[in-house]
Amino acid sequence: MSERQMMKGSVALAEGAVAAGCRYYFGYPITPQNDIPEYLSVRLAEVDGVFIQAESEIASINMLLGAAAAGARAMTSSSGPGISLMQEGLSYMAGSELPGLAVNITRIGPGLGGIAPSQGDYFQATRGGGHGDYHVIVLAPNSVQEMYDLTIKAFELADKYRNPALILADAILGQMKEPVLLHDAPQRVPGKEWALKGAPVGLPTKRIKSLYLKDDEMEKHNWHLFRKYSQMREEDTMVEADLDEGMEVLLVSFGSCSRMVQSAVRMARDRGLKVGYIRPISLFPFPGDALREASEKAGKVLTVEMNTGQMWDDVRLNLAPGCSARLLARPGGGIPTPGQILEEAEKMIKAGDEVAKSIC
Amino acid sequence: MYYDVILSGFGGQGILLIGDLLAHAAMLEGLHVTWMPSYGVEMRGGAANCTVVISSEKIGSPITDEPCGLIAMSNPSLLKFQGKVKKEGLMVVNTSLVDSQLIERGDLGTVPLPANEIAYQEVGEHKMANIVMLGAFLAGSGVVSMEKVEETVDSFFEGGKRKNIPLMVKALRRGFQHQKEGMEHAG
Amino acid sequence: MGKILIDAEKCKGCSYCVLSCPRQLIAIDGERINMLGYNPARFNGDSGEKCTGCALCAEMCPEVVIEVYRDKKKQKEKGGAG
Amino acid sequence: MKLQKVFARPASLAEISFHFCPGCHHGIVHRLLGEAIDTYGIREKTIGVPGVGCCVFLYDYLDIDVCEAPHGRAPAVATGFKRVLPRNVVFTYQGDGDLGAIGMSEVVHTANRGENITVIFVNNGVYGMTGGQMAPTTLLGQQTTTSAFGRDFHRDGYPIRMTEMLATLEGVAFAARVTLHNAAGVKKARKAVMKAFEMQLNNMGFTFVEFISACPTNWRLSPEEATARIDDEVLPYYPLGIYKERKSPDYL
Amino acid sequence: MKLQKVFARPASLAEISFHFCPGCHHGIVHRLLGEAIDTYGIREKTIGVPGVGCCVFLYDYLDIDVCEAPHGRAPAVATGFKRVLPRNVVFTYQGDGDLGAIGMSEVVHTANRGENITVIFVNNGVYGMTGGQMAPTTLLGQQTTTSAFGRDFHRDGYPIRMTEMLATLEGVAFAARVTLHNAAGVKKARKAVMKAFEMQLNNMGFTFVEFISACPTNWRLSPEEATARIDDEVLPYYPLGIYKERKSPDYL
Amino acid sequence: MSERQMMKGSVALAEGAVAAGCRYYFGYPITPQNDIPEYLSVRLAEVDGVFIQAESEIASINMLLGAAAAGARAMTSSSGPGISLMQEGLSYMAGSELPGLAVNITRIGPGLGGIAPSQGDYFQATRGGGHGDYHVIVLAPNSVQEMYDLTIKAFELADKYRNPALILADAILGQMKEPVLLHDAPQRVPGKEWALKGAPVGLPTKRIKSLYLKDDEMEKHNWHLFRKYSQMREEDTMVEADLDEGMEVLLVSFGSCSRMVQSAVRMARDRGLKVGYIRPISLFPFPGDALREASEKAGKVLTVEMNTGQMWDDVRLNLAPGCSARLLARPGGGIPTPGQILEEAEKMIKAGDEVAKSIC
Amino acid sequence: MGKILIDAEKCKGCSYCVLSCPRQLIAIDGERINMLGYNPARFNGDSGEKCTGCALCAEMCPEVVIEVYRDKKKQKEKGGAG
Amino acid sequence: MYYDVILSGFGGQGILLIGDLLAHAAMLEGLHVTWMPSYGVEMRGGAANCTVVISSEKIGSPITDEPCGLIAMSNPSLLKFQGKVKKEGLMVVNTSLVDSQLIERGDLGTVPLPANEIAYQEVGEHKMANIVMLGAFLAGSGVVSMEKVEETVDSFFEGGKRKNIPLMVKALRRGFQHQKEGMEHAG
């Protein structure tokens, strides 16, 4: 296992789940993520796991809810429209404090859209597309290796916080192959004393629920959840940064889009430009502090996204005061090319310091 | 070292496979590599293509607008991609299936390769046209060594498919040789 | 008494017409490859009087690329779309 | 004459009052579940998954592990449990809105999968908890808060007979309709619950018990009138009986 | 001898090639719809609501007003149309994944409401468009990309017979299963489509036609082998026939 | 009709829909909004409309989609969990450019939560809880009169932009009674030439869809939608403001919560404090310019919400530079009292100018 | 041979027990209002020997507030939860 | 002018109705008014209460933490709300149902009112206890005139329910009078 293997992103993600001790998959087919269920339908059989093709995404997320409540590491995966259908279930899982993994290999939206790479589901993922005050832990890989590593990490964080986690990737990351190093030692699944498995004689029976009707109970519960989210922000933000002494502009992007940005950074540096690069890996909790510090040094920030500007909100909410910010956005399957990015970065370097909130 | 190539043709021609072999060999060379298929629409049939990027440094974009090389196995794929190939890049065209008159880029080191005929007549198996094309590409680009690709072919297949390995090696070598000769010819 | 026209460029070579013709008047043309990349079906009944215009081939054609012609007097028996 | 206690609250039924309205049959269903759990000695391995409806507080009443499910999704949640804990006893408890309307897909597919769980289905012909709206099982002509002029099949469709429909599925091991409006009915209902649990313990697959129940509050009838209505109007449309049983020990 | 054209493309079928794979029966269904629309002269008032599946491009092929529905929800979308435009002809076109899996609830309730629409149901036993995963209708033992070891009822449940199940509902006016794998079958299929549209035109309620269809690509069979498989394996589990018809002119 | 009537908020909303020419209702019961379907089940019959109790929220939103595509003014209503289930459908409606009204009389979330008033669905409403780059027009009434007026407005905006609209209210607004003035003249429903009703001979048939597969089509479509959202921001933001010359703090809140803030403003002014008040009525498009101007004058901004801080993002994104901002948040059914609000406002007035992003 | 105990404070006065007792031994106590606000049921059989301990009343009690006592020898006939 | 009052008791006692009548009368007086019921849990039975706010200015909060007045028709409602009433506010307690010993606020203008007895004995209909309470409240608070409330009662009911109007007016007046007398007595 300790050799590099060429592997598809979706398969690496599935292997990550298996390595994390996940033995239960519930899901409904949808392009472009079918490699995950197809692979796991065979792979889980090898490790005495259970693969169920559910009748719908709603059934999937609720089977996941049940399996999670029974104490298992379990997962589902889907894409845009299917993830939309899971929002009620994710809200229930967050409300009932159940860990579990949902994977969104995004499509283009809104509607049926298309299956090209897109980052249009950022808001849904980070704001909680369901009802109520909650968040899902969101990790955004940008390589096949991270499809593997962050899947394991997602299970860990989900259990640490008793909160659902979501991997946000797209067709590029799901379909591409890169060399991957798989871990040798599979993870130990932690014991979960809160899980329901039936109550041995003498021990009290347990409840898993999100319904609180008595005065103040629900407000207390909401603040309890809020504290968990604050703790996440303090302890578990993840970020990759490649800052340049004296950088004149900072490029911000996540997921597959950051690969284009990395190419642009190389091109820029080849031309002697001083550019920095920062990539939020955890989209929730958003690495605001890291961004603030880096933006302070750069003074100018160029956000690059494959949507019409969603992380753009979080970037602007977390800039050092006085920074100028610009957005290079391409929705609907358009992929910003390294050349385009470089051009925008150059423009910013040349431009004055005014806050340029324009969208190109 | 940085090289990116688009491999393209119809579904069923084994385009993704030769991309896979190339990427695998590059990995065995210790290089960074990405293999990226085109994400088609949710329907059957049609075109198939993939992009392989090989580099001595960490790879950013796994796709490319201006590839160093192109392997084209169908008319539509030639038409779609030849305009994008970098100046003085490489183009390997399967003239058994592609209309030679469609080749427009004079600046490229292009060798018209009747891969299906070569496969059928020289390798003895018409299904090896894709492998012939890969051999030719290796000769033209030099991006990965022939040894590593042969090593890959040997480690890649399991079970019943292993019996084709000798034929594949033969196809690789025939393609390689044709390209070399063609280039000398042209040079 | 009948004949059919196959739009061979739009045929996908599924062979359903071949299988359904009671008189075996249709065959897949292994020599020809059409624009779509398939070996199309070919009507072999032109010379003789074998084709009854029964339209069973056309009923089965998923690409709806077979037109059927028939002797006028027999026409009434046929329901369907004509 | 020494008298012995022959009928008392089952041990697994908590000592607190139900929130149910006077004459609501949900209480009897809860008791029957408690009795079955006690009888088979499975309190330690039973997991209850109530849907959302007047049964949502099941967790307050039955002293077993209980997990809340989103409205209509209890069978999916129960599936998750059962696949992780195949040796536990898992049941859902659902109203006719929960199971017959929003949860139609989940119950049909769970039944079809032959999932080895028990579904307790309380058919009271209305959405009790939310104030008496029309349910999929509401009878034609019946007035509810959303069918003020009486259910009309042109607009609202027909009352669904869930047991009959599910009984057509291969995956179903047991499907029965029972009533709670008289003591004889309750005794048969108990047997059906026992049977369903027993079959689950024997891994026989999906078991389903539909309870014809009164919701006096939303029927706007006294409990006594509600009892009469079940005889006069409800049972003629919803005939009692076992609609499917994989093996057939004659017990009803 | 003067020959006249006796069979040609229906006028309401656009002159472009289908995207379907060779031997896919979706093309025949499209043609039958075109014929029915032409025959009744209802191009001007017909609205098609395809689900998501290989039929999703219906809007490219049929020259009628077409509205895309989210996967599985075509019957609900069609209900919206029909309630606003009761004099138009509204049909859905759905695959077995679309209708039998994710869309189960919508089709059952639309049928139960007796909604005056026609549902065209293409049962090819797999999820064609997404690459051949197991469908609710996949046969036991059948290998698909998500049932590599063959469908197993312990894990995956049983193939659902939608026509039989829907036929149990009061709201259904017409429910039939037809096949497309031979010319005799296609002729009966045409009659079923005609009947369903005719009944809709006569406001008779919910009409449903299930088409046994081949997906050679995902069955990994040639069209010829697929034809044989329908006879040998598919029809024995899915018997053809009319399962419900409100009035019964004997026409099949 | 031109007399004031005491009316419940939910009933006023329903009357607004009828006045707007809405004749189709599709919905599934859920507390605390059942007054809407119950009332409309009778009221629509009086005006030859159609009331359908759908089998689920998913069916409801898709019936709405169909009715909207047929050119009708139509609506659905629900609460938190039900609205979550509608996210796929809303995304499709936005993608297919279909107007229609969804009403969310919120509950507490996440999960089953409770039915007390809460504003925890702000993110879901304004960010698009479904997949892809889209927004729903969101109007937030704060009185029974507005439950009526804004419902009419929502139908108008939905048609103007061919985009779904949502009314965001809660148990307070749904259940309270206030005097209402109903309009005399009911609205004329505009003709919709794009709607599908069958194509008369000679006219081309039409398509309504959100699937775009050819290169660039989907990117173009996304930019087209984006331009509509920009136009909304320019032409159709709605705001209520009660600014005070020389105000020392600006209070921002929406919906029912703003009623508590209004009481606090009165109390503050009674004590001689200079406070301003601003209420976004359209939550999307968010009235950023109005807020920026008002905040510039005040320098200090106190946001009051019945959640853990959601509009808080939009407020911070639209403050004049240098403003200090604070959040008074009460989730889970807790209602900030006028006294509490006043206290916070006083604290801010006394405090220095530092940006105080704390959450109390 | 039998008797019942009704926990009248938890009774909701639904009258199911009244309706189901074959010996008419139970009645609703119109005079009394319990903590829950209901007129509870009252057992009128204490004096006589009428109650058979058949438990039909208890079977029907939705609040599960009736306990039934019976002569020992008859006990075996009874299934259920005792 | 600003007045807020909490009306509370068990479900079925007609609490919401008298709140409604009060609010309606205030509207007829040309005042601003809000009527806000308690949003109960999703289940049957239990407590019922509502808040009515009446003001000459636009009303902010429709709920209140410190009401000017309280109408209490059950023990739990008295216990829940009496502590909240403003200093020197008004409390109307139905002592037919509420334990007088539970009344703790001495500062309030409280008149113990046996509303059920009054309704039964003086009005002749025990279901009118709530209306008696409203009459007493009007006397105590003076927030809306008796005439407007009587006008409201007359316009509020339709069909068969109209036959109760004379009884209601009687109940209102009896309640009003008892309160007046009680206050004079206390004053």
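We call the chains A, B, C, D, E, F, G and H, going by the order they appear; numbering starts again at 1 in every chain.
The rule we apply is simple: a contact is a pair of C-beta atoms (placed from the backbone, for glycine too) under 8 Å apart; a residue touches a chain by one contact, two chains touch by 3 or more.
Given the structure is predicted, the values throughout are model-derived calculations rather than measurements.
Number of steps on the shortest path from chain C to chain H, with steps defined by chain touch: 3. Relative to chain C, the most remote chain by averaged C-alpha coordinates is H. Per-chain Cα centroids separate chain C from chain D by 59 Å. Remark: chain A and chain F have CA centroids separated by 28 Å (rounded to whole angstrom).
Averaged Cα coordinates give chain A a centre that lies 35 Å from the centre of chain B.
For the pair chain E and chain F, the distance between C-alpha centroids works out to 40 Å. Shared interface positions of chain B, defined as residues touching 2 or more other chains, are 41-42. Of all residues in chain F, those that touch two or more other chains are 31, 50, 52, 55-56, 58, 81, 88, 92, 96, 111-112, 114, 116, 209-211, 213.
Interface of chain G with chain D (complex): residues 1-3, 10, 12-16, 19-20, 36, 38, 53, 55-56, 58-64, 66-72, 75, 78-82. Interface residues of chain A facing chain B in the complex, by the touch rule stated above, are 4, 6, 31-32, 114-117, 171-172, 175-179, 259-266, 335, 337-339.
If you check the complex, the residues on chain E that touch chain C are 1-10, 13, 17-18, 20-28, 30-31, 34-35, 38-39, 182-183, 186-187, 190, 216, 222-224, 227. On the chain E side of its complex with chain A, the touching residues are 52, 56, 68, 70-72, 97, 101-102, 104, 127, 129-131, 133-134, 136, 145-149, 155-156. Against chain A, the residues of chain F that register as touching in their complex are 58, 79-81, 83-85, 87-88, 91-92, 94-96, 106-114, 116, 118, 120-121, 123-124, 127-134, 209-213, 216-223, 225-226, 307-308, 310, 313, 316-317, 321, 330-334.
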